[in-house]
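Note sheet for the following structure.
Lettered A, B, C and D in written order, each chain numbered from 1.
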Amino acid sequence: MALLVETTTSGREYKVKDMSQADFGRLEIELAEVEMPGLMSSRAEFGPSQPFKGAKITGSLHMTIQTAVLIETLTALGAEVRWCSCNIFSTQDHAAAAIARDSAAVFAWKGETLQEYWWCSERALDWGPSGGPDLIVDDGGDVTLLIHEGLKAEKLFEKDGTLPDPSSTDNAEMQIVYTIIRDGLKTDPKRYHKMKDRIVGVSEETTTGVKRLYQMQANGSLLFPAINVNDSVTKSKFDNLYGCRHSLPDGLMRATDVMIAGKIAVVCGYGDVGKGCAAALKQGGARVVVTEIDPICALQALMEGLQVLTLADVVSEADIFVTTTGNKDIIMVSDMKKMKNNAIVCNIGHFDNEIDMHGLETYPGVKRITIKPQTDRWVFPENNSGIIVLAEGRLMNLGCATGHPSFVMSCSFTNQVIAQIELWKEKTSGKYEKKVYVLPKHLDEKVASLHLNQLGAKLTKLSKDQADYISVPVEGPYKPAHYRY
Amino acid sequence: MALLVETTTSGREYKVKDMSQADFGRLEIELAEVEMPGLMSSRAEFGPSQPFKGAKITGSLHMTIQTAVLIETLTALGAEVRWCSCNIFSTQDHAAAAIARDSAAVFAWKGETLQEYWWCSERALDWGPSGGPDLIVDDGGDVTLLIHEGLKAEKLFEKDGTLPDPSSTDNAEMQIVYTIIRDGLKTDPKRYHKMKDRIVGVSEETTTGVKRLYQMQANGSLLFPAINVNDSVTKSKFDNLYGCRHSLPDGLMRATDVMIAGKIAVVCGYGDVGKGCAAALKQGGARVVVTEIDPICALQALMEGLQVLTLADVVSEADIFVTTTGNKDIIMVSDMKKMKNNAIVCNIGHFDNEIDMHGLETYPGVKRITIKPQTDRWVFPENNSGIIVLAEGRLMNLGCATGHPSFVMSCSFTNQVIAQIELWKEKTSGKYEKKVYVLPKHLDEKVASLHLNQLGAKLTKLSKDQADYISVPVEGPYKPAHYRY
Amino acid sequence: MALLVETTTSGREYKVKDMSQADFGRLEIELAEVEMPGLMSSRAEFGPSQPFKGAKITGSLHMTIQTAVLIETLTALGAEVRWCSCNIFSTQDHAAAAIARDSAAVFAWKGETLQEYWWCSERALDWGPSGGPDLIVDDGGDVTLLIHEGLKAEKLFEKDGTLPDPSSTDNAEMQIVYTIIRDGLKTDPKRYHKMKDRIVGVSEETTTGVKRLYQMQANGSLLFPAINVNDSVTKSKFDNLYGCRHSLPDGLMRATDVMIAGKIAVVCGYGDVGKGCAAALKQGGARVVVTEIDPICALQALMEGLQVLTLADVVSEADIFVTTTGNKDIIMVSDMKKMKNNAIVCNIGHFDNEIDMHGLETYPGVKRITIKPQTDRWVFPENNSGIIVLAEGRLMNLGCATGHPSFVMSCSFTNQVIAQIELWKEKTSGKYEKKVYVLPKHLDEKVASLHLNQLGAKLTKLSKDQADYISVPVEGPYKPAHYRY
Amino acid sequence: MALLVETTTSGREYKVKDMSQADFGRLEIELAEVEMPGLMSSRAEFGPSQPFKGAKITGSLHMTIQTAVLIETLTALGAEVRWCSCNIFSTQDHAAAAIARDSAAVFAWKGETLQEYWWCSERALDWGPSGGPDLIVDDGGDVTLLIHEGLKAEKLFEKDGTLPDPSSTDNAEMQIVYTIIRDGLKTDPKRYHKMKDRIVGVSEETTTGVKRLYQMQANGSLLFPAINVNDSVTKSKFDNLYGCRHSLPDGLMRATDVMIAGKIAVVCGYGDVGKGCAAALKQGGARVVVTEIDPICALQALMEGLQVLTLADVVSEADIFVTTTGNKDIIMVSDMKKMKNNAIVCNIGHFDNEIDMHGLETYPGVKRITIKPQTDRWVFPENNSGIIVLAEGRLMNLGCATGHPSFVMSCSFTNQVIAQIELWKEKTSGKYEKKVYVLPKHLDEKVASLHLNQLGAKLTKLSKDQADYISVPVEGPYKPAHYRY
């Protein structure tokens, strides 16, 4: 696939796998709309006032059917949008096609190379001569990283003509980033300066990206305000937990058809994602072993009847391994070598460094047998025993299945919409400094309330007297900031 | 696709979708073998003595990866095999290709028409001039039905030249059966006579087929001995229950990506299949309502915290409907009209008459929108509200996903292998009359024991003293025949 | 407590702990009646026709509140009743008092010695000069055993004056039985002859008693017809399973207040009782390990995510041990010595020989510290480490708590009522031979249906057309005899 | 029981129900110690340095076996202790006796009147002429309230001789508080002044008390530093959740023996306590309906498959009602009148105003039938239909059972010990102002880690490289403050 930007008849740029899948994508988008009441309510509530009028939004977030509904909510509210995916395997090509045809500039396809991935990210940021973006929707923080690295390079270049040196790192992905920036510098040495000046803020979707933002806030390098969407209760306690409870077994089943019942499954990490994964595996009839570094999370696992051990304790008897840590070097090739024949190894965390794919790929004599896309059997030469790695160690629920279902993504994405509206509305008020913010609790509660009716729930109303008794307003928010749900 | 039998280079007949998928099928078969210890043990135990030497086996059973391992177990034990699927949507084309290329005559593809389906069944029974089959593996009883109907027709024809009259029934499928038999009569009016004389017996896989066999036994029309594999404990209490617990959500997810959590799900029927479905939906976070005719099963559902209501009570508020009854006319078009927009309607029972597909298809003004194969949205003209029907009302776990996982099918299919061996071994002994038999308990226990080691289980051994105390042999069987598990 | 029979003002015999608890017992009986719709329906349906008019019923079954409702159902239907408990710890003294005062001759108290236990059993069988009983309600078969042993002894005595020799056995309980019979022979050497001639039949409540009955049927020694109530579906699949799921944690909590979450619990045996226990412990947050001899039950445990090991594998790391086998010598004193300090050991099976209490009691230097009645800490001299034994190794749910709750016992006891009516109605018809019978399925279904309304359930009705399609009557029974539920 | 303080032979004051139960209490305390590794580790770690040397601690917290282990941990660390219970029904008399005899001044018994309750609280605060307390352990804040109200009254009295007027409120409990303070003023008008000056701080156990503290902090009336123990993760996410999951069914079973399976249970409130209750009821086989005011908690309930409705929607069909809100007026007498006969109504929240007991007690013609202590049937005159109220609307798990089990209380109470040590250590440093504090996360993690070993858990250790990658210290704390677990 040559990396040439294409253009729709209406003049919108795009690069997707197969435009003929647009109709299929549209049908699934229509189904998803029914399952995404938060986003549809946002269209109804905010659409008439066009709050995003004039706003140019760049998004880097899995280009799925659910994201399509998010994008079309942003455009319904007046925004102009360019989009890329934040993972090389997570794009649903029919979703990308429908959006590219109908709504926004999309640069994404399932199975990008890393080179292609960063090319897409650059395109999503490239608003042409009129400039942009005004706002960023990020997931994992790659676009935010690109802008920060770009600006850093431009400053150095400005100072003394230094160009970024890809060979200065052995991180394959950063080599590409530096190359892109270096090549860009030759064309427009002020590109990221202009971008920085214009950007009103970013809303970040996930734990990993949020961690980067807090690091930048801590060292003072953050270039614009950021809203931490991940830590809205209606995001992290729903999407991360219930989303993974749904999509982990979905990914396992689509990739391997393996029976979960009776198996020993190891879940590395017992945060929200790990809790969702462990719950799904336990309910499916597996015996679940958790690995944890945090004694509190470990004690939670024990209270749920799960065993807490180290990876070394179970590596040779378990059948399924899932990493959920957000950390790196969780399952190394030396661990994989000890596993049972056809043990399944996968990662549901954001980045692909939880599993030592590099170690596996470079293991002398190892043989890779691709059963089907995203399902590989790797055979070690010593014992001719193989393990099955899903989605090349990347996000298995998006690589092997379709990610989280629409309903729970509606919670997450309604937070995104609200965050974007908030940033744009306050763009000149100075309300938001170059810091990381969480949405106020009453908006978090609002997101939840938009999703109750569809499930037939009826809320109880506080009387004034009761509200006073517990010192909250009748209409909420109902909990102190530190409440853990 | 023209209905022409093709021939491999080795001369074996077949008709499959795409022979180029054989390599992919072979890879998945190899994975499945690791998950099917019962079948692999059978190969190890019985292979050397070639118990099926000389036996010609016709099978009519979902042509999946798991069935491929069954077929190759039969051939490894010396049998010659011809195979068709017992459902128009359940074939996995790569499995069919691998078997056709490597092991047996296969006539099956995903998405057969009914016409094609019965053509395939006829082909599987057609052993050419040398005659056959000797044994039948049946699932749902269609091949057994064809033989019984065929013989009936031949007798009438013999008597007075009467030919079967397809117009005598308004059952679309029986019209095809009569047509096939009628056309066959012209070629060979003794075909089914010869078959009946030769057939040693049938082993039947599922509840629905077993029900037919007991009806034939009751009215004295059964033509050969039958082993009811379905009612082996290691079949019905495993495959039906744990298999469906796995494959129902798998089918729902692959077809619709719908979030199960928070939904109201109606499970019609609370037998083994219904129990598995209800468990899966409850564990996925749905609120499950059960419909039942049997007060005992209803009381079981209540004890599990499920609500027991009639369909009419919940038809307009539920989100997901699953039929598991083995009966007919469970969800009628008049029910479907009352459902919420995008309610999901599916059947996991063997035949497609649980859901009134005929009523739906012929509803005036109804519109069918195919989202993707096996996932259709049907829109009623009155309110423009749609429902989503999976696999055209047929077995949704095989139509929309890949059916039950290998491990649990290993239990079921090891019973099949044992049943076939038993029938063939006793072919001349008179041990089996024209009746329906269940495998003896010690064989049932053996099937279970073949599956324990792989899951790391260790059995406790009875002492002689303990065995005497509870009046069982030390080596089993351990339970009376009426024990319910 | 001197073993003297007392007499109410109305002249009814009894021996209970404390007659002043009768009012309390009556209040709890009234609560229980609301929870026992099957028994109350039986009173409404059969009361007017007084089917037990003239019948004298002896019952040996835990003298609890629930049994009180059973007894008063029998008397409401016209029977005269004498009752004893079938376990030395299971009597609820307030229930015994209320019944003794108001309805039937009761000989039972919590904490009988074995000597007292058999004295009570004898009293329950002693209908005085006018003779009796006509019918037996048995649980575990002790009264049935007494009659069979009694008759055997009378025959020997008649033949050559041989008296039973208590010293011929080292089973402490049989020594008492022989002594009682021997002493009785001196008074009335035809007592059991007369009893046998009169008794119409027995209905047996539990697995253990049923096992004995089948053994007697097999060796031809059964003296009268027996109805196996245990194997009614509405008994064994409800009382054994859901009853234990309720009463096991109840007993653990009342006896020890121990936190179940986080513990390793070993359930010996995975039959219906074991399934209920394992489910309760798993739900409470324990990690459950199952021991099994039967590969089928073991595979079921695995499918539910439970580990299957031998006792030896986990004896030194588990926290809670429950025996549910109906077998003997499951946990020996040599096992107990290896346990962690304060490991809890208990039995929920019928007899107290699952746990080696004799070995424990006679262990040199062992020290028993009674925390409270039925909760003992036994300290081994070697390591000063103790284990906690509940209810002296007897039925812990009745010894330490109040047994199964009313609702599920209503299912079991409605089967008892129906069985007793059936035996009495057919007393002269010859319908029942000296064999063991199970109630017909339509009565089983009836028992279930009597319990649905109270839980708000609505059954679906079969159409004639549907009933024909699955070959069952519209009004049931709906399943073949071999159906396992 | 005359309200006279008694004195042990060693001269320690006390007032308990029955000193003869001390031995029994001691045995159960010894069992509990094995289950409370956090407290026992604290004794081992801090005992040698006697950190509480010279400290006088007043505690107002359920006088149970678990609290006994807490008290003896405080004394083992050098403190002198006086104690009362914080609920009229929660004292375990054998625990009170053992502590009174062996370790601390106890004023508590099960079934205090409100008058007696406040007398006990006063006694616990009364350190005699030498003055005290230095530290407060509070649960619900009653002792803290007494001191604050006392000081307020002393100031008014000082100003113009005004005495508190019990008739100024219609809250029965506040009338008693005012009376006590009024009477005390006559004896020592500076009592609470002296107390305030001396008190170093309070550590508060529960949500309700914490709410009061934050209100006082907000309006500037808080007299001394407070540590909010409730919001330690190892308290509120364990004790509130897993403690209630254990003790709710325990209380239901001991009070009513009702079968939970099949019932409709309403849980009012879905906070941590409600989550634990709902989980227990669901696992027990009930169908659970949740009532909520907070849309986020409501959505959590839905994701777990629970129905969310208002009380009015289900009041007439549910069987069991549990209030967990911490609010008031949740179930009113007008609701109770609509309930089914023998519906069970109980409260597991801290105060008894969740259920309208006053309305029930004063309902014209209502009849109260005490089945047994803490289990009352209330019969309405109109329809002769009754409801069953547990523990007179107070904490049912402590009133009807024994509260939370030792293991989870070990987590809570280790936080208490750490909080008390912290307050005492920093008594002169000025570290703590008159505000509400939460323990730092590393201490929270420490509490958890003290409980892992006993459950056989093994933690994974972060490498330095991994710790840096996620920006945490190798030894923790591992999560940001806002993390919700």
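Quick note on the criterion: a residue touches a chain if its C-beta (ideal position, glycine included) is under 8 Å from a C-beta of that chain, and two chains touch if they have at least 3 such contacts.
Note that the coordinates shown come from a computational prediction; the quantities given were computed from them, not determined experimentally.
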{"item": "Distance-maximising chain from chain B - centres being C-alpha averages", "value": "D"}
{"item": "B-D against A-D, pair bridged by the larger set of C-beta contacts", "value": "A-D"}
{"item": "Euclidean distance of C-alpha centroids - chain A vs chain D, Å", "value": "42"}
{"item": "Distance between the centres, which are taken as Cα means, of chain D and chain B, whole angstrom", "value": "58"}
{"item": "Residues of chain A engaged with two or more neighbouring chains", "value": "242, 261-262, 285, 299, 302-303, 307, 455-456"}
{"item": "Residue ranges of chain D in contact with chain B within the complex", "value": "261-262, 282, 285-288, 299, 302-307"}
{"item": "Contact footprint of chain A on chain B as seen in their complex", "value": "24, 27-28, 31-32, 34-35, 65, 242, 245-246, 249-250, 253-254, 256-264, 283-285, 317, 341-342, 369, 371-372, 377, 388, 401-402, 404-408, 455-456"}
{"item": "Partner chain D, residues of chain A touching it in the complex", "value": "211, 214-215, 231, 233-234, 236-238, 242, 272, 291-303, 307-311, 313, 326-329, 411, 438, 444-446, 448-449, 451-452, 455-463, 465-466, 469-471, 476, 478-482, 484-485"}
